[in-house]
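Below are two complexes that have subunit A in common, paired first with subunit B and then with subunit C.
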Partner chain A sequence: MSSVAKGTRRGVGAPNRAVSIRIVLGVFLIVYLIVLPSYFAESRYILRVITTASVLSFISLGVWLTFTIGRINIGQGAFALIGGYATAILSTKFGVSFWVCLPLSGLIAGLTGIIFGLGILRLKGVYFAMITLSLTEAVRLGFLSGGDFTGGAPGISNIPLPDELGLFGITLIPDFGKVDTHIAFYYLAAVLLILGLAVIWRISSSRLGWIFKSLQQDEELSRSVGINVARYRVMAYAICCFYGGIGGAFFTVSQQSIYPSVFGVLDSLFFILYCFLGGLAFVAGPIVGAFLLFILFELLHEFQQYQQLIYSLLMISIMLWLPNGLLSLRLPAAFWRSRNIRD
Partner chain B sequence: MEQVIVNSLILGMNYALIALGLTLIFAIMNVLNFAHGQMYVLGGFITYYALQVLHLPFVVGLVASVVVLVLVGLLSERLLFRRAIRVSTREESTMLLAAGLALLLESLILLFFGEKQRGMPPIISGVYQVFGVYIPAGRAFVFAIALASLIGFVTFMQFTRPGRALRAIAQDKEVTALQGVNINRYGALGFGLGAGLTGLAGSLLATIFAVNSGLGTAVSIKAFIMVMLGGAGVVSGAIAGAFVLGFLESFGYAYMPGSVTYMLIFAGMIIFLVFRPQGIMGKPWG
Partner chain C sequence: MALLTVENLEKRFGGLIAVNDVSFEVESGEIFTIIGPNGAGKSTLFKLITSFTRPTSGRVIFEGENITRLPAHVVARKGVVRTFQETTIFKEMTVVENVIVAHHLRSRASSLGFFFNSPLARRDEQEFRESADSIIEILGLETVRNEQARNLPHGYLRELGIAIAMAAEPKALLLDEPFSGMNPEETDRVVDMVRGIRDRGITILLVEHDMRAVMRISDRILVLNFGSMVALGTPSEIQTDKAVIEAYLGREDDELGI
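Take a look at the complex of A and B:
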């Protein structure tokens, strides 16, 4: 019955809804790209918080994609670390430009993801969760005991800032050392996030996205209709790892250093939490979750030693009272509206 | 060499208690208890507090650790997990709830007991010498208690009525409920028992290795390794996994740097699970 009501509502209101979504999106973009950076241009702390939240959202988008194939991925920290070290090693030891390092880090993380994924994606449910969690630890320990190549516990420092990127003598992106670094990183993060969201949104609304969703519901059934299950789940995992690698490379360059405990088990868990808080059913879920939780965490900074306590209580409350995410809150409203129409 | 074997046995016996607690909670409630390591740390700190601050005998500290942890387990099942399992549409949310509980316990431990590493003198002083191997009496004592608890637990699971009910729930929850078993009550019992076991292990191991508030995640990860190696939700598997890890860790630490040991253990485990995803004793799943 409700599906009938929904159908009529969509039939009548579809153009209106599309327009209003476009307006909301436009307002968001203007605020995000113009209002926020110009308003907070002087307060570097706030800019840095938004920048970090953007890249955390970007990394969580990858985790969200593995959720669509029905896997709980607690290994994203490992791939952020791999991407970070790739950038660090390439730029300090081989002098490669950041603009080459960035995509290369993503590719290296993605390739590693394919190699690991071929094996571990055979596991499901909690088992996959546990093994990816172990992977986070294993990769961290690997970098810790990597000797001179990875720099051991103190890691690698003095990583150069992004240099100028030009084409035929025209400067496309200025040298980060010569402009306001905070603003430059803010825009780099913003562009990454917008591109990342666009790609994930495109994937999830295409045929590929529906294949991923079918894997989540029943792998056997998907296989029986001719979907190459092993290939598609590795593909989803590799995209996720690519996002992790790019995010890790960003943090490495913006901090200008990397060490093995930058990304740990807790970070991997937080990426999942961001997705959950926003709501797993929505592409924008991880972004909403990451911004809210990360900014909240920074606000709790005043409480010093009680910061983690309050944060953990919030986390528990979310899981108890909002188990399906913040964006699911509008569902009851839609339900009431559809009932009114029927009346 | 013999020394290392003895150390592995002592370590494995205590790890078995941790792994059994985790596997029990997993089998009964289908919850992956991320807070397991923090519960272990809490058990260790309670014993430390009873012995070093209040100067009570060890037995009191041990019992206090177990009782407090059973209560923590019962409370978290009643107040948190029962509701989360009921309201959530996805099973992952209980896992994140457990992660939240882990953070909560960790920050509470930090607030109450501070961030210092806390050790204590061995419970019994002296050293036994058996076949040319030196066994400190304190470690032998810990081994004996852990062994006795392990035998007690297995006996409870195999030969008593509540134990049978718990095993039945682990096999099939719905059919067990149809036979008139109160699932909620036994879920609480399983959670309390699992938490109590890890509290016991924390209390015992705190007398050998020191405890500190940041140890929790590492212990949880070790518990996951054991459960995965042995097969999740299987009692014999948890014990097997614990001894395998105990041996690997003791031998690795004896001949290699610590971080390399664990990296190799992780790598070996991942390769092992690719070929045998159900672990040593576990049943294959769909």
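Take a look at the complex of A and C:
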């Protein structure tokens, strides 16, 4: 009797849960796309913090994907830098529109990722982590000594804002210089993040995600059943680098300048931390991690010289008590479970 | 023509010769076992056949095609699939997910097809799910179908390893010590399972220590010692071969039940 009752309850509960997830997602989108930008329209600082957090999340999504193939990637800063310089050079030296630079920067970073990845993805564990860390530094030094082409230490400045994007005379995106620039960049970041999340979510829930998961767990076994291990891990890495390149292009154009130390080893480490602290098992992990940690860091400005200290202590606490990330708290799941507990 | 031909295969690690001038042929539908003391080069030989290691010299020919220096996943694609000595499985997946993932080389959809969930990708998934269920049924894993693989009782791990290999539709299946660490009843079960796989038209190569099982199951046996061939023949020939008894079985033949 009780098992029947339980069965029906669960049967009804499942679609309810799907609906409630959709509602939660809808509320998030409304808050993110409408409430936040209109509420904070006048406070540039907060708007800029959310914009930055969005793009940091976007870049971290790529790092998260390399976690799914079992690699700790501390090289994302390098690809953000490559994307950033691609946009800077293309737009200042060749007059290419930002709307062409943006995807091109991603592709250039992705292609560079393929070239590096073919070699370094043979390494695993701490060795891969170390070589990607060195890669961040190597790429920074490369741009530093690039002469006139990269502008050396001061880098490239006076990068034009995104211009108008139209099709058949219809304006799709207005010239960023003629509208409220902060709001424009806010929406650009929001659209990037939503699209970026959708793509990564789709990858991880399709067969590709399963292949990546199999690589994470045992590359030899994957190879033994005919999976082209080299190809898929390079694919995952290239997608990661593409995300890095796009993110780098965004920061370059929103700051209107780039210099070699914009993205360094510390930034690469932060991308990893966002993933860790948000939760590696969840697609939304890097987003939750980036938003909470970045906004937290900004809030701690009040404490002046103690900012770093408090911040570090908080991060250590999260790692100690929530080793599977913030999302492992999963309040909604706990809520559902507690309702299903019998008497 | 033999299904699999190994010609003068040799593997050196620096000064050490792990496999030294080994040649044999495996007929289609055979259960062919490789035995030898620890360090005799059995596992290295398996790795050479499945291209997980490149030989120093020699050739491996499968269905008339030289597969010696092809990448391992291509060799698997041709139909030469191995299992692993340790309990190598995808630990963070359920049993059925393990088997579904392992169907990879049958998929016809491209990576983009997977991404956009094309009709072909959906058909693939459907087929893999059905095929995985039938493999799970054949190998008697239904009761643990939805268990997380890392929680499986030890006895099921090797069956899961074989199920993963079966998903790749092998023509020749190389089993690395399928009976090790098993009690006699478990061994009997796996012996029957291996015979069942052979009866489905899959040629079996085994590396094994369990003499009782080896003598029962094998059509032919190759004995290795220090990487070199000592003898090759039917179980009864091997049991009476003087060189084998000296080199491998020693004086403990009674204990081993031979």
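List of remarks:
Keep in mind that, in the parts below, the second predicted complex is superposed on the first by the 319 of 343 C-alpha atoms of A that agree within 3 Å, B and C clash if a C-alpha of one lies under 4 Å from a C-alpha of the other, contacts with A are read in each partner's own complex, and residues count from 1 in each chain.
Just so we're on the same page, a contact is a pair of C-beta atoms (placed from the backbone, for glycine too) under 8 Å apart; a residue touches a chain by one contact, two chains touch by 3 or more.
Please read these numbers as outputs of a predicted model, since none were measured by experiment.
Once the complexes are laid over each other on subunit A, subunit B and subunit C both fit without any clash. Using the contact criterion defined above for the overlaid structures, shared-chain residue A:L313 touches subunit B, although it does not reach subunit C.
Looking at the shared chain after the overlay, A:L280 reaches subunit B, while subunit C stays out of its contact range. Contacts of A:L296 after superposition: neither subunit B nor subunit C is touched.
Once the two complexes are laid over each other on the shared chain, residue contacts for A:L195 go to neither subunit B nor subunit C. The partner of subunit A that touches more of its residues, comparing subunit B with subunit C, is B.
Subunit B and subunit C never share a C-alpha pair closer than 11 Å once the two structures are laid over each other. According to the touch criterion, the shared surface of subunit A, contacted by subunit B in one complex and subunit C in the other, consists of residues 220. On the side of subunit B, the complex with subunit A involves touching residues 26, 32, 34, 80, 83-84, 87-97, 99-101, 103-104, 106-108, 110-111, 217, 221, 224-225, 227-228, 232, 257, 259-260, 262-263, 266-267, 269-271, 273-274, 277, 285-286. Contact residues on subunit A toward subunit C in their complex (touch as defined above): 202-203, 206-208, 210-211, 213-214, 216-218, 220-230, 235.
The touching residues of subunit A, when paired with subunit B in their complex, are 72, 116, 119-120, 122-127, 129-131, 133-135, 137-138, 141-142, 144-145, 220, 264-266, 269, 272-273, 276, 280, 305-306, 308-309, 311-313, 315-316, 318-320, 323-324. For subunit C in complex with subunit A, the touching residues are 50, 52, 71-74, 76-77, 81-84, 88-93, 97, 100-105, 107, 109, 111, 114-115, 117, 121, 124-125, 164-165, 167-168.
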